[in-house]
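Labels A, B, C and D are assigned to the chains in the order they are written; within every chain, residues are numbered from 1.
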Amino acid sequence: MGFEKFGAVNFTSETKASDFVKFLEEGKVMTTKCTRCGKVYFPPRIDCCACGASEIEWIEIDEPGELVAYSTVMYGPTGFENDVPYTIAAVRFPKGIQVFGRISKKIPTDKIKVGMKLKVVPIKLDSDRVSYQFVQP
Amino acid sequence: MGFEKFGAVNFTSETKASDFVKFLEEGKVMTTKCTRCGKVYFPPRIDCCACGASEIEWIEIDEPGELVAYSTVMYGPTGFENDVPYTIAAVRFPKGIQVFGRISKKIPTDKIKVGMKLKVVPIKLDSDRVSYQFVQP
Amino acid sequence: MKTDVAIVGVGQSPFYRKCGMAERELCFIAFQEAIKDINLRPEQIDASIVCSAPEYDKQRSPAAVIADYLGIIPAPSFNLETLCCSSSAGLRQAYSLIKSGLHQVVAVIGFQKMSELTSREAAERMVRGGDVQWESPFGLTMPAYFAMVASAHMAQYGTTPEQLAQVRVKSCIYGEINDKAVYRKRISVEDVLNSEMVTSPLKKFDCCANADGAAVIILASGEIARRVTDKPVWILGLGASTRSAALAGRLSFTNIPVAREASQAAYEMAGIGPEDIDVAEVHDCFTIAEIVAYEDCGFAKPGEGTRLIEEKQTYVGGRIPVNVDGGLLSKGHPIGATGASQIRTITRQLRGECGKTQVEGAKFGLIHNVGGPGLYCYVTILGRD
Amino acid sequence: MKTDVAIVGVGQSPFYRKCGMAERELCFIAFQEAIKDINLRPEQIDASIVCSAPEYDKQRSPAAVIADYLGIIPAPSFNLETLCCSSSAGLRQAYSLIKSGLHQVVAVIGFQKMSELTSREAAERMVRGGDVQWESPFGLTMPAYFAMVASAHMAQYGTTPEQLAQVRVKSCIYGEINDKAVYRKRISVEDVLNSEMVTSPLKKFDCCANADGAAVIILASGEIARRVTDKPVWILGLGASTRSAALAGRLSFTNIPVAREASQAAYEMAGIGPEDIDVAEVHDCFTIAEIVAYEDCGFAKPGEGTRLIEEKQTYVGGRIPVNVDGGLLSKGHPIGATGASQIRTITRQLRGECGKTQVEGAKFGLIHNVGGPGLYCYVTILGRD
């Protein structure tokens, strides 16, 4: 429970990784690291497929990363029709963490370039919902 | 087109066999026979898998048949909640035709027996919809 | 053994009314149990088959998501569906992938999380497991399909509601001691007969319940199997059959035609007969389904399945113990996971790991798993060295 | 040929914007074409695999309904799904069913009827082909996934919108003369560049359209193949790979990692290389996808795919003709039918039946078929005697 508050439209409410949403509410974008073998994951997960353990610690993604790929969506799917245009992106952070999300609408589209530095921060959406987005460091 | 008027709740609107509904509206329960190889089908279909032809004629199911199996449903699925109880049944007719449908609510449940004679007749439902049901001959 | 494909690992999550986790997390539990006792790393699994009935969940195309979560990518994976027997069908495909030489170690992952839907929504999905064009408009439900079989069996053979109830009583005796089952209480024949009518002649306790759960089977070529486990369980027979979704095409209502065809094919491939089977799991989605399964699998003649349960021949210690893990009736029925859970039980029986419910000396076991109201049946025969 | 499984029959319905018939009727058209030229009765088909992406239609569990309509029951059947490459995955399973000895003649039936949904509803389904937990909440669309690849390819290699447009121009030249294609008009580079932006940098004409359609492939063991057809087409290579649905796990955005892995596996199994391929079908769901496919299949080095299209090397008469049936861009993309349609085209090329688009003397052909935004890829290599 708790995960249903993630994102503008949510398709799934139950996951053992729902603390992710609690941390967003506290102002932090966190992910998980296996305490047995040290493997770092994004998206966060409670179960480590590298060593089979289910003991993790949460670590913050607070360093800047680099934009790998992006697109500005002009035609949104059901539930997102009134949200366009928005820019989705993949950003690579240190420790092998790669995050998929949206770039802040405050960054003009013509300033977005592959290779630019971005950091990831929580945002509050309507009706108590939360998510994260990429902003300039 | 036309098939969307079949049944109390309909899940599919397009089929080459939609004349079935037109015949119901005309008061007849019809099915198909391959004009090339003579195979008789129920449910009706325009394509013959026995010989590969797609030329059929419509024949009427007007003789009485025999009840093979039935159940009185007390708990209806979505869309049928207010329709219960109703009795579904399989009835075997001559020429190898077996029809699945509902037994008329006019036949008391305790009079329904495997082996009893039934015939199949069209019925009109709410808002111009049509179907068929089993009644006593 | 005249085959060279073996089951080397089996696992199952508990079956839950509501699991409260994501599907991928549910599968992880079953997968960890399946690999924990064997000398195999996840990356040695060179293909996987993810078995589930879509539409119970929001995730389209679960295969990639789940294979990734289990750490078994980039090996090929796909989703396979034959409704309630999806993971038995998965086992047959996994066998062919190994036997053909394309792969050496294959994981069959069955799961279903049914708790996201209300039970009426689930019933709506179920009705669309029949023919949406010709049957669903009548408000057919899955229990009603099997109730029709009960009506025909009662009319032809004099089968009684009490005999059906005895199936549930047996189920509950074994379900009570299965710590992965959803339903863990004993009940009496009277409890069943006094329960609410769902769809005549089937009452509430004649029916299994929806559940959330996952089960995993790992198969390997004979050579690898002997290296990674001391107790390989060999795949001897794989029978399968498909019939029309429309009841109008149904040849018989006193049995499940696909089940008879699939079991004959499985016996033929295995070169053994029903009399050789020491322990079986059959698809008891409803009490009547177990009676009819006795007949379709050849454990009883047509019409005589009720005698087996009356004489307690399908209890542990009887002639042919059936569903001594509680069956679907007590374990619950998470569609895609059900077949793999049945296969897990028989594998553990053949390995001698079943404690209080162990069938002594069991050498050959059979799994009978039906999809929908008799659209598909997969019958699997397993044996040990 | 070092294999003993052959394609003996191929068929395809026209691809439609709206077919106006039931799915089973759509499949019947393709099936009749597949069996009409061969000396085989439907009842000799001893298994079938029904390939589609669920949720585009109301019928749950389409395998039984469709197998029944085609007259190929009670042979075993099941539904298989790997999104857009479902029927290529089906071909690989059919091969293993025959090669393993379980079956002798298997039908792979791919279909999708997408017209029952509005295009926004279809886009909603598509977004759930990614990871519903971590991606769908951002409003991702299938074009956007491939647009991200385009952005990375442009940044790294200087690929231009004009070069992408050239892919569509080629597609339309061949689509115009394919009487089963949905889109049958020639267009210019300017038409593409002037079309509406869908998701930067992809414009409307960079994208393929939803469609209704079915395609069927019939496979047989070598012995039967030689008996029923004069022109068996042999299955030489079958490569497959699966990767995380979450883009967060994506290793590279300038290519499709699963495609590179699957093509390498297919070449290895076939014992030939990209230089041996005479004609290919690649998964051009978007123009960028075709460029990247040239590279992932080894027809061009990374970053040099654009040169192939600029030099018209992928036209008939060029070094490696690609999608000379119009591809997904002109034919349309009925998810489950797409792979089987590609396989049909290559089979007909190897049989020398392609008229104006025939690649003279074609001996080896390749099919590259991607599922979703790179979750799955199946690469198939075919050859003639």
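Just so it is clear, a residue touches a chain if its C-beta (ideal position, glycine included) is under 8 Å from a C-beta of that chain, and two chains touch if they have at least 3 such contacts.
In this text, all values refer to a predicted model and were calculated from it rather than measured experimentally.
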| item | value |
| --- | --- |
| Steps needed, at fewest, to go from chain A to chain B via touching chains | 2 |
| Euclidean distance of C-alpha centroids - chain B vs chain D, Å | 39 |
| Separation of chain B from chain C, taking each centre as the mean of its C-alpha atoms, in whole Å | 32 |
| Multi-partner residues of chain C (each touching 2 or more other chains) | 22, 58-59, 128, 131-133, 136, 246, 249 |
| For chain A, residues contacting two or more additional chains | 11-12, 15 |
| Each pair of chains that touches, named by its two labels | A-C, A-D, B-C, B-D, C-D |
| Residue numbers on chain B that touch chain C, as the complex places them | 3, 6-12, 15, 42-43, 68-81, 83, 86, 88-90, 97-102, 109, 113-115, 131 |
| Chain C to chain B touching residues, read off their complex | 120-121, 123-124, 126-128, 131-141, 143-144, 147-152, 154-156, 196-202, 246-250, 253 |
| Chain B - residues contacting chain D, complex | 1, 11-17, 45-47, 49-50, 52, 54 |
| Residues on chain D engaged by chain C in the complex (per definition of touch) | 22, 47-48, 53-55, 58-61, 63-65, 67-68, 73-83, 86, 89, 92-93, 95-102, 125, 128-129, 131-133, 136, 238, 240-246, 249, 257-258, 261, 371-372, 375-376, 378 |
| Chain A partner contacts - residues on chain C that touch it in the complex | 19-22, 25, 28, 32, 35-36, 42, 58-59, 69-72, 116 |
